[in-house]
Every structure is written in structure tokens, then in C-alpha cells.
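Okay, so subunit A shows up in both of these, paired with subunit B first and subunit C after.
Showing the complex of A and B:
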């Protein structure tokens, strides 16, 4: 019995040895390192959906999908006028045609209205052109007034199927617009789709509205309004429009920031004589002062894990970004490059912060890798501020200027493409990207 | 063996001419004897009827005799000599005739004288003939003896010569053998020397060839390396141009893909060897590889087989050490 086992072990070792010898005799294979990509924009062809019985909507849903994907900076959609054919079923797809056009992915589909329910029914397919395979086939149904949402869902599904990352095209944006109406400034707090469409005004005021911040469930907004002549923090339910004043302390009431669990809120108050950062328990409105410094401490933002915060302080003489561990309340300075670094926001994975960085006379959006301290400048215009990261961490919206107007721009967090939200508003500022919500 | 043959051969070859010589000698001897017999017969038989003309005839005979017993060549002549005997005959009939008495007396006297003379002549002839015969026989014997002696001497000489020849031959052969051995030895030495020289030359040549081969291999390797490096760059550029990196929240992703190529640069297969764990990232890698219709590869089959028949790529969004 033992001898047999020994024999087996020996045999095994011999086999192992011969394998290792074989492995040694094998030539070292050439290994080429690829660290750069041609572009982060993947070529994709989204063929206008066919409407076999002519009951399709007037609006081209696929253009919404194209815009979404283009906005992400991760895709570059093919102009339909350049397409060699317009297939709407898998059997009509000739991969070679799409390959000739340099496309990697192809979306085709059909849309028609149900005869009885009056809903729109969409069936679409996603193909991998180089590997010549179907990746996704989906059936969606929606009401006539929700076609845009359906288009964003398609964008999300396609984005996820190809990139593996959840799409953020069904999320929303909050921002403040400023218009001159009859010689008076009119501020509007608005909420829209990520492409700026379907905007909805939550609050209209002749006084400034600042710093909108989404609740983690994406159902409420906290913001600062000067409507009373003094800054106060409000919380408003988006669906119902109902709102409540959270704070109107003496002095500053600014920069509200929901905790990841939605139970607490960070804010800047100067009720104690100096601008300090406080944490409020939203259930009982109890305040905890987090900073104790003669300098200005403001613009706090929660880390996704809820254990740390970042904020801006001029305790070094100029605005710089600090990070604080909430248990120890120890703050350490994060930014050292340049005289001005402010308005920090965590990435959803907590590995980066995005902030406004001044380099010379220009204010730009920068990114810092928190583990390495490496800073990357993402924008190259001259007056950029208020960065806000999409919940999937892939896109960033910020405020920039075109001429005398401020506009919103979306870029890939890798600093790739740039997408301007339609400039149908006068001045747009203070963008906030919603979470995925529930 | 060869030497023995050589030794024997000359003897063999000589025995033939010797036999022919003795046969010729004996035939010649017999012919001479036969000729003598005929001559002798002429001497004896025709004389009784003939006149005293014999003197002239005899003179003729005498002149001929010494020559008669000579070699085989004269055989034909020996048959003809009797012919001149007939010619002198008419001459004795011509002398002038005397008076009858005188004539008678004279005739008688003459007859007596003639008879006497004849008897004397006959006697003389007889004696002479006997003497001649004896002399002839002596000569014959002598000749035979002489011939025998000569033959013996010749044989002796021949034997001696043969022996001498044989000895010489042996000596020569021995000498040749010795020389041959010497030559062989010398040859062996020379051969050994030559072999050594040749070996050394070959070794030198081999070393030179080896050196050249090594140099060529080195050059080839250098060339292959530069070719390899050149095509690595080309391939890298091509792959980079075709890679659309998907958005990723993790910058530490890394995928290793192994591909196999045809010598034309066409893709046979692409397989993920080390997955990043991110399907989209892996997929972007495969998509990049498969979207390249033709990879740039070297024409040199050695370089191709060495490096490009199968190769791997490591895709990572962040720069990694090259």
C-alpha cells in the first residue's frame, strides 16, 4: 500500500520534471506591451430603427442613443449618412460592410406601436463586428411620452455590454441657470436628463441659488438659496416639489453635502465666527463641528465609504484641499501643486478627487490619484469650475465659459472628449450629477 | 609469388627458341649429310664412263667441297652443283690426231699410259675419296662435336646466364622489394605527415568555417534582432491603432493575449492567456487583435518563425515597464 503510494508519487514527480524540462526548453515567447490606445472612443454604428408598419415615432430614438454614447467620450458613433446599408434584423447584417467603415460595434432594431396598448415596442440587437457575434438582444416597451427614457435605457445597456461599466445615461443633472428677464436676474434651479433635455424647474428666484447636491436616492436636492436675502440651506423633493429649510444660521450657510447613507449632511457654517465645517444629523438636526481653524474651511464632500471627507481650506495661505479622517478629525493637506486648488469631489470609487486647479491665470479641472498623489489636468479652457462626477465614475460635468456665457460641459474622466450641453439656457452653473438612485 | 613467376618466366620463354634452334641445327645437319651423299654419289657413279676430263671436273669439285658442308641456307645450291660437270665433256674430244703407226704405238702407249694413268688416277681417286671420306667424316664428327660442344657451351652459358639473370633478377627484385619497402615506409611517413598536414589544414579550415559560421550566425542574429525590433515596433503601432480601450474604473487591469500568425501576417488565432478579470477589457483586446486584417511581419522566414509565428501582447491601460 505504502510502496504503491511511493511509486505513484515518484511517477508524478517524473512527469512533473519532464514537464518542467519541456517548459524550460520552450523558447521564450515574444511579449509586446500595449499601454496606449488609439483613442478611448470606440467606433459604433447605430442604425436608425426601422418601423415595419410605419407606426414608429417621429423622433429618432437612435439619435438620442448616438448623442448619449458620444457624450460619454467612450464612443464615436457613425453618421447614418455614411452607412452602406440600414439593416434592421440580424439576417441583414454584413459584417464586412461595417468593418470596412471601421466600426467595432453595430446596433440595429425595430420600433412599432402596439395595436392595442398604444405603447411603443422596441426590439434591438447589438453586434460585435470584429468578432462577428451578437452580444445583446433586447425588447423594451414604453409609453409615448417616455421614449427618451427608453432611448437612454438602450444607451445604458449598450454601454454596459461593451464597456462592462454601468451606463449613467438614465441619471439626471441639477444645475442653476441665470437669465436676464426685464433687466432683472432670474435664477432657476433645474433638473434635466443627462443630455440637458426634459429640463424641469424646481425653484425660480431673483436671488442667487447655489450648490445643489443630490440625496443618495436621487429623489431630493439640497441647495443654498439667498431668497430671503440671507443664505439658507433647503432640501426639496424633486417629484413633489415640497421643500424644507434646513439651516438659516447667522452668517454663512453653504455647501451642503449628503452623506453616502443619506442620514447626515456636511455644511459650512460661520455661526461660530469663522467658516467651519459641520456635520448635521438629519434626523435630529444635531450639529458636530469638524474643523477648528482660524482659516476658512468649506466645500466639504464625503468619501463614498463615509469615513473621510475632503474640503477646501486657506489655512496654508491660499485655498488648498485637505482630507480628514472623521474618527480622528485629523486633516492632512492633499494638494501642493499650484496656489489654488478647490471644490474637491470624490470619484464614486473613492480613489480619485476632482477639483478646480489654477495654473497661472487659468482655472481648470484636475484629477488626483489619492494613492499616488499624481495630478492630471483634465480641461484646458480658462475658467472652469464646479466639477461633478457621474455615478459610474466615467464622466464629469463642470462649468466653463463660452464668451461671456457660462455653459456646462461633459468630459470623460480620462480627459478625452468634450461635450457641451445644449446652450439653450442663458448662463448655466453649479452642475450636480445625480446618483443612480434606487 | 610474383617474384617466383618472374623468376620462372624467362626460363620458360627461352626454352622455346632453344628447341627451335636445335631442331634447325639437326635439320641442317641432315641436309648437309644428304647433300654430301649426293655429291659422293656423283663422284662414284658417273666416273667410269667419263674421260680424263675429271681433272677439271675435280677442280671444280674441290673448289666446291669446302663450301658444301655448310648451313641450311645452301640446301638449294647443294642440289645444283652437279650440273657444271657435264659442260667440260666436249672439250677432250677436240685434240689433233697423229699418224696411224705412231698413232697405233702412240695409241698403245697412250692406252697403256692412259690405263696406267687411269689406274693411278683411279687409285688416287680411290685414296683420295677414302681420304676425303675420312676427312669428311672427321670434319663431320668434328663438326658434330663442335656443334655439340657449342650447344653445350651455349647451354652452359645460357644456364649461367639464366642463373645470373635469375640472380640478378632476384637481386633486382630484392632490391626492388627493399626499395619498395623503403618507399612504402617513406610513403607511410609521408602519408602520415601529409595526413597530419591535411588534418591540420582541415582543422584550420574547420575552425575558420566555424568562426565564419559563428560570425554569420551572430550577424544573422543581429539582423534578426533589428528585424525583430523593427517589426515589434510596427506591430505595436498597429495594435495600438486598433485598440479602443474601454472606460475602466480600475487602472491596474492587465490582459495577456497570445496570437498565432501565418507568414503572411494573417491571424490564425487569438486567445486570452491571462484574463484581466474584466470581460469588457478582455473583449477590447480581442477586438483590437481581430480587427487587424494583416499584421506587419518580416519576410525573413527565420525571423518570422523565431519570433512572430506565435507571440503575446500584454495590454494594460497604465504604462508598465517595457
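Showing the complex of A and C:
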């Protein structure tokens, strides 16, 4: 894997994302607080990129890369003030210096503005300090207003080269903020980078907005909005802001969940009397009812292979998680530990589910190994809900409380690291981590 | 539209008359607020029928009942109808005994006023799954609807909407706040 990337020059044009149609808002801002690094984090030095002809940007790209890698929990980046030298090309690298500082990997590079195209051009290299060899050399180009995307691409490439796992730093988060403005509740559906930056408001309403769910191509969101006074499921194109109302049946219209192929959507409707799970064919909007029970059946989530779903039902007396084979429609109970297990989400490889688990009085996020049934409690905060897994399966975002505020928290799935994403004002909740998309 | 405005006006006039009538006896719970704590009517022994006959007390008086008795009863029911919020225990939709007298009064009013309409808003506390809580809030609303229908109201007078954890009555994160948030609020339209 690493050998395959060695010496390979990757040309990568970071496409300008057209989010300019969307409203910018100071209230959209999320802050980031990294509170815990993994004990086995890999030391990496990312040297500030040189700008030989002085045309580099004011923004320090390498700090974004350091923050990304630190956020992942897999890396611990070296503070540039502790560096003994600041090389910007291979011939300037003295491995001994970096070994003395206890570093395993080293990233160096240069950035400059094109003389004709006004784009920024970056060339960087990744070195293995222990083995004293170059692992990766990459050339990247981007427009001036898209430097953050370029930094996240560098993070993705470095992460992949070292861990063998695809980085998820270029993916996005969807979430809902809730503020009190003039005594009124104001809900905002937003998307941002995974570090909370570049937040954009997609919808603002004084009525609840709930349950954002990404399309598999990461271009659209499905969500529930009460803006008409009744709950309805909508699909909105993120780039254009165009949206359509999918359902507004009498009763519940909730928990939309896109199928892995993007053609169908699971949802919870109570039009037939109580909360049941339905599958909608998005091409013709035909509904197929999947559950038939007097109990609550809701919040279905699709297995990555599209053949099974997991959902929450209180048919046993309290909320528990069930798995259904879509061909036979047989449901089997998965959770038996504790009186309350809900909000199941598959891992991208389909081997685990993450869910809300009540342990004594506390509500935490747990994971279950689906082949062994073994349960691990991952969080030690309280009032935790809404787990959502990164598309590379390494990180998990969920909603918890700090003081009186509702905040987002990101942890590594092995529980090793943690960071919080509080809103600058008010509450932030309902996180949904985007797929890689196309 | 005009009917509902008229209806509201009639309700307003009636309730003002009742409030004036019983001001000296101070039996009105919750100071007339629409969001009041459930009053304990010690009604645990009272039996309510499911067919809308026996337990229903409404403005249709039995013969032989004196005008004064009837008036007192009407005043009591109007006072009970000021209770518009009904509370629940964690993860249940079971109507508490102390909610029954007030719900009976609302059912009687709806039965006697077929053009009256109510919306039942179901809510939960903030704990656990938001999606499950939306369904639980609806189940609470439906439980109250069923109670009202069994006691004389017509199903088409009643709509149910669940907000789940949203719009908490108390924004706190403790048992006292959660107890106030697990509720169904009855709103005359």
C-alpha cells in the first residue's frame, strides 16, 4: 500500500465548490476544542510551507493539516516553534534532527501563486523519518478561495499514505443549530467542513428541523421540517438550494434514510395508525410498508450492502434495536443489554452498529460487533444521542451536553481521542457525517 | 373560520362568566393559565366508562336535577377545563389518574360542542433518541385522543401532532425539568 504510493506524483485539482449561493451567517460558526489525544498517537512534523517567490497566502495551510491530523486521534503533530530547521525541499532534510525530536514522519512543501492563472500551486513531500525515505510527493492546485479544501486534501493523502485508511477530512458535516432570538426558537440546518469551518445555512425556520440525512453522492440532504405547522420530509440540493417536499402525511413524517444506491428512502410514517417503517421508491414515490406492529417502529438505517436494515422498536416493552432482512422482512432483536437501546447506525463496513444505550441513568453511545454481539460503551458524557459515523469508519460524531448547551462531540471509534464542536451561540445538534460522495 | 371565531367568543364569554361566578370560592386550579400543573382530584376511585355514557357529565342535565346543581356542575367543569397540560412518566403514554377529571371535562365539552376542535401536542423529555421520542410524543397524544373519544368527543374534533423533545416547557437538564416536559398540551382551535 505504502510502497504503491511511493514516489508517485499525484496531480489533483481541487474543484471549486459552488456553495456561494448559500447564506453565510456569523451564527453558523462552530468552534473546535480538542480535549483528548490518543495515547498511541503517531508523532508527525508538518513544516510550514515555504513560499520561495513570496506569493504564498496569508492563511497557514499547514496549521489546517496539523489540526486535521490531530483531530483524527491517530496523530500528534509537532509544534512548529520546536522545529530545529524548516526545510522546504528534500535536499534540506536532515533525518537526525527529526529523530532527535521523536518524530516518525515529516511533511515539507512549497506554495506559490501561478503567474498567469492566479491559482495556488502546492508541491509537498512526505518522509518516513525512521526508514529515511520519501513516501509521497504530490502537486496540488486550487483557486484562492478554496485553500481550506486543498489543506484537507493534503491531510487525506498523508493519512492514507501512513495508515492505509482513506482520510475523511474533505467530507462534510450536516447539523442543526437552535438559538433563542427575541424569545423565539430559530432552527438552522447547516453544513460545514469536519472541523466546523465554512458553515453554510441551508434552511432557517422558527419551527423544528430534524434528522438530516445525506444522499450517497453527498450532494443532497433529506430532512424533516415543521415549517408548515406539520412535519414533512424534504430533499434539498446543497449546491443549488432547490428542494422538494417528499411526504406530508397525517401524523409522523420522520427519520428519512437514503439507500446506499440513492434510489430508495426509508422513513417513519404513522398514516396507518402508529409509527411504522416504509420504503419509498424515489423514482415513482411508491411506498412499501416494512413493519406491521402496534408498537413504535422507527429510525431505520440501511446496511451498506442494501440488503438489511436496523431500526428501533419498543415491541418488547422498551426501545430495542432490531435487524430486518429486506427480502424476508423477518426482524430479529439485536440488543439485550439494558432497558434502552436506540438510534442504530451501521459502520461503513457493515460489521458494527453504533447506537444510544442507557447505562444506569446515563445515556451514552455504544457499539456492537454484529458477528459476536459484544457491546462496548464508547462515550462517558451524558445525554448522548444521534450517533453518525465518518465514511472511513474511523470517527464518530454525536450530540451531548456541556453545561446547559447542546454540543457535538467527535471521538475515534476505538475511544482514543475526542474533540468538541460547540456552536458559538446556542445549541448544536442532529449531526450527520457525509459520505465520501463522488 | 367564522364559526370558529364565534366559538372562541362563546367560550371566552362563558369562561369569563364562570370565573366571575366562582371567584369567591377560589376553586379554580392554576389561576386560569393554560399551562398548569396537574391537579390531584383524588379521582382514583371514580370509574370511567368506555362507551361514553355512564361517566360522562356534560351540560345535558338529568331530569330532576335542580338548576343550582346544574350550574355548580358547569362551573366545576369549566374550572377543570382550565387544565390543559397532562403529564406522563418516562417512556410511557399512560394517562395518570389525576389527569382524568380534567380530561373528562374536556371530553364533555367537546361532546356538547360538536363544532369545537382541539389539537393535542405530544412532547417527551430530552433523553434518548429524538426519532423514538417523536413517536412516543405521538403515542401520548393518541392516548389522550382515545380517552376523549371514549368519553364522548368525536375523533374528527381532535388532531394530534408530536414535537418529541422539541419546545421543552422547562429547558433544564434535570428530573424536575424532564417531568414538566413529558406532556400533552390540549389547545382549542
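To be clear about the criterion, the second predicted complex is superposed on the first by the 395 of 438 C-alpha atoms of A that agree within 3 Å, B and C clash if a C-alpha of one lies under 4 Å from a C-alpha of the other, contacts with A are read in each partner's own complex, and residues count from 1 in each chain.
Note that in this section contacts are C-beta pairs under 8 Å (C-beta built on N, C-alpha and C of every residue); 3 or more make two chains touch, one makes a residue touch a chain.
Quantities reported herein were computed from a predicted structural model and do not represent experimental measurements.
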item: Touching partner for A:414 - first (subunit B), second (subunit C), both, neither; value: first
item: Touching partner for A:394 - first (subunit B), second (subunit C), both, neither; value: first
item: Partner chain(s) touched by A:252 [first = subunit B, second = subunit C, both, neither]; value: second
item: Contacts of A:130 with subunit B and subunit C, given as first, second, both or neither; value: first
item: Partner chain in contact with A:325 - subunit B first, subunit C second, else both or neither; value: neither
item: Partner chain in contact with A:31 - subunit B first, subunit C second, else both or neither; value: first
item: On subunit A, positions contacted by subunit B and by subunit C; value: none
item: Residues on subunit C engaged by subunit A in the complex (per definition of touch); value: 91, 126-132, 134-136, 138-139, 142, 160-164, 166-167, 171, 173
item: Touching residues (chain side subunit A, partner subunit B) in the complex; value: 27, 29-43, 72-74, 99, 104, 128-131, 162-165, 347-349, 351, 393-394, 412-414
item: Complex interface listing, subunit B residues touching subunit A; value: 228, 232, 235-236, 239-249, 256, 258, 278-281, 283-284, 286-288, 290-291, 306-308, 310-320, 322
item: Of all residues in subunit A, those that touch subunit C in their complex; value: 185, 208, 210-211, 226, 229-231, 251-252, 254-255, 268, 270, 274-275, 296, 298-299, 312, 314, 318-319, 340, 342-343, 356, 358, 363, 383, 385-386, 401, 404, 430
